[in-house]
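First chain A sits with chain B, and in the next complex the same chain sits with chain C.
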Partner chain A sequence: MSKLTYETEVEVKNPEGVHMRPAMLFVDLANTFASDITVSNGDISIDAKSIMQMTMLAATHGTRLKIHAEGPDAQEAVKSLGALVDNRFIINGDSATVSGKEG
Partner chain B sequence: MKLADIVCFDAIIPQLESKERDSVIFELTESLCKKKKFKKVNPKALADAVIKRENEASTGIGKGVAVPHVKHDAVTEPVAVLGCSSEGIDFSSLDKQPVYSVFLLLSPLSDPDKHLQAMETIFKNLQKDDFRRFLRQAQGRDDIIEAIKDADDSSLE
Partner chain C sequence: MEIRKGISVSPGIAIAKPLVIDSKDYRIPRRSIVASQCAKEIQRLRKAFSKAISELEEIGSSKSIQESKIGDIFAVHMRFLKDRSFRKRITDFISRDLVTAEYAVSTILREIASHFSGIDDPYISERAADIYDIEKRLLTHLLGKKHEEMGHLREEVVVLASDLTPTQTASFNKSFVKGFATEKGGRTSHTAIVARSLGIPAVVALGDMSSEIPPECVVIVDGNRGVVIVDPDANTLKQYDIYAKQMSEFVHELGRLRELPAETRDGIHVQILGNIEFPEEAEQIINNGGEGIGLYRTEFLYLYGGQEPTEEEHYDAYAEAIRAVGDKPVVIRTMDLGADKLPHSGWHINETNPVLGLRSIRYCLQDLSLFKTQLRAILRASVLGDVRVMFPLITNLQELRQAKMILRDVMEDLDEYAIPYNVDMPVGIMIETPSSALTAPLLANESSFFSIGTNDLIQYTLAVDRANEHVSTLYSAAEPAVLHLIRNVIQDSHKAGIGLSICGEVASDPEFIMLLLGLGVRTLSLASPMIPEVKKVIRSVTMEECNKLARSVLTMDSVRQVKNFLRDAAMRILPETF
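Our next item is the complex of A and B:
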């Protein structure tokens, strides 16, 4: 079976950047896919299924992230994760970043 | 950014007295407030803000570590304090395991990028098995400070 590989590039649009709660949303979503998923900020490439590693990206507002997936559901994974970042980490109207005070 | 730039060494608690999450957080903010003269804020208010954030989503991300944090206008630069517990604390961690090392981080309200950089520094180091092990084996503040400095040095390599 050939390995499916997909990739997309998205920009972090929420002013707070990818702090812990959006990172957690991202990791939770990544873990719903069977594919191997990595995220790169240009400097480092990390495992999208690890919250520790996601936090290490320190993706600030305006950072461009490359999402790369390999596996049976790679296309869907890249699409969903890209949309999450593009949508400022808002799922069904709930934002991880709306509260101004807490990180 | 280095750990040594963020962590207030004098406020480190080598052996936390508290066994409960909320009292651990207060113990840490109290220790920090004794060493850093924050304006307009007391340890209780800081602890309450951290606990409020913690209740929204646990910062116990597994591997025996937790990083409770809050953005607060008491600080203009990220400031962290570290507390260790040999017994372990229930932080409602993702892996349901007790927490032995607690990094409490306060970040400036007005600079989200600094907060992300501080978190990156802390997690980059907590990711290292050696660093977590050294923190757990530390016999006192000097051991912890040495572990932090070693971790900073190894990050530069």
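Our next item is the complex of A and C:
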């Protein structure tokens, strides 16, 4: 069986960057997948399942992150994690607003 | 005896022995081990982790933590403790460098913390504090010390500390802690939040409590006046015993006083409103006899939760307060923080003088998305009751016009989505700078009301930072310059026929009440515990006395003269209160 590898690149759009709470949401989501997942900011590449590494990446607003996954559910992992970053770390039903932020 | 003035963040009087929380860092000496001890050290480390995890589970399961926003903080700490690569970094260090578990913990966590503090982003750099908290938690288990003895208190204490971490405040045995006094912190610090939720007095920002605190002494925390007295002399202690008793008598009297109107003896009604920080406080205002909320500070929304508050978070906080007061007025003040205090602002400016910098309405006018989110929520909440909006730190008419224009933009947005709001919601401003006080007639033409924020007005008029001990004695509301500005603003508002209230600390100072009434003030907004006392003052005086007193005060030329005169007058009219 060949290894499945997927990759995507996203930009951190929320103004406060990937600080503690977003990092926690990201890591929690990453841990729901069996695949090995890494995140890279161009300089270093870290384990997406470790909150220590994720927070130390210190991805501020505007940072481009490469999410790379290898394993049985790699495609799904890359898709959901990318969407989380793209969606400014707002999880459905969590802080999503009824009427939107900017009308 | 040592008297220190700070910021009162939770009302009440506590008199008890001090519990000084050692804020000094644990210093862990480097101790080498032989290779054969490695497994044992790693085993100790594993134990410390599992104890720390179960401790966090316990803290996290308490209802008060879940409801407060600090729950998120502990959730992050938990992720760290469960992070395998984090633990591996420590165990690797133990086996590679042959050191004790505590030394490894201390070294690695400090490495991580300094990595955070080195990042030029205020939000991330502040996270170093979380890492130190995790370090402390692990070390207490490794060193076998029980968590700050605080869970094991046997007698009543007031807690004195540099600042309290979430862990410390959560681990208190609540029934023995009677008050908090901290060197650092502000209105929205953890200490403030926890003290309020426990209903115990707290004073923060006391500055360096340099002198040694004798362990057997008594400490008074006066959360009504923002004062902490260490080792009081017999006389002071007696006075405070009496004051504390009076306070509890007031509580009994409250029921009676609550039903009575805030009216002078000659029948002039004075509206007493409350200042609040958190929505839960709205109910206390009403219970204490307040007629609404004259100042709803909204900064807490920006300081907790780690992200810019969503429109729904704003809305929920407003709706809760509005529902608690029914059809009574609620004046919501828009964000009043400096860019330097906004963790998620994305502004990396180094201001040499932040008090005169990008803050408050100035910041809002530059970050329209943040400002509009708040205004949208206020407008949506405006249909739930008598809601009014107030802009802080206005210094000229252009700022007011710009802010109102943005408000209209948001109204149009809401129209598009057919979301209901009160088209005629009153829009007022804080008068807290000399420039706004001096141009009050112009501003009055385009405002529905003024609220004089005396704390800032004094600071900006006298050019004195009252937290700076070298000049703080120059800070006084009794300074003739301040009194004349206040008098002018009151007269200008009367001429323009708009509402006027006073919401600074003088509004709750019994000695100043007569003067304020004499100057023409008919609405006061103050912290809820002071409402009964202020009502009592109002009910004991006549407007004629107040007018006469104000006329005399305006002819005086020094702080000392004004203060003595006000005190004498108060003693004469209300000997029992003073």
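Structure notes:
One rule holds in what follows: the second predicted complex is superposed on the first by the 93 of 103 C-alpha atoms of A that agree within 3 Å, B and C clash if a C-alpha of one lies under 4 Å from a C-alpha of the other, contacts with A are read in each partner's own complex, and residues count from 1 in each chain.
Operating definition for what follows: contacts are C-beta pairs under 8 Å (C-beta built on N, C-alpha and C of every residue); 3 or more make two chains touch, one makes a residue touch a chain.
These figures come from a predicted structure and were not determined experimentally.
Within the superposed three-chain model, A:Gly17 lies in touch with chain B and with chain C [touch as defined at top]. In the superposed model, A:Ala58 lies in contact with both chain B and chain C. By the touch criterion defined above, A:Asp47 reaches chain C but does not reach chain B.
Shared interface residues of chain A, touching chain B in one complex and chain C in the other, are 15-17, 19-21, 24, 51-53, 55-56, 58, 60-61, 99-103.
Within the complex formed with chain C, the residues of chain A that make contact are 14-17, 19-24, 27-28, 47, 50-53, 55-56, 58, 60-61, 89, 95, 97-103.
Residues of chain A touching chain B in their complex: 15-21, 24, 51-53, 55-61, 99-103. Note for the complex: chain B touches chain A at residues 49, 52-53, 56-57, 59, 61-63, 67, 69-72, 94, 107, 109, 112-113, 115-117, 119-120, 123-124, 126-127.
Only residues 72-73, 75-76, 79-80, 83-86, 89, 112, 115-116, 119, 121, 123-124, 127, 130, 305-308, 310-313, 343-346, 369, 372-373, 376, 380, 413-414, 416-417, 419 of chain C touch chain A when the two sit together in their complex.
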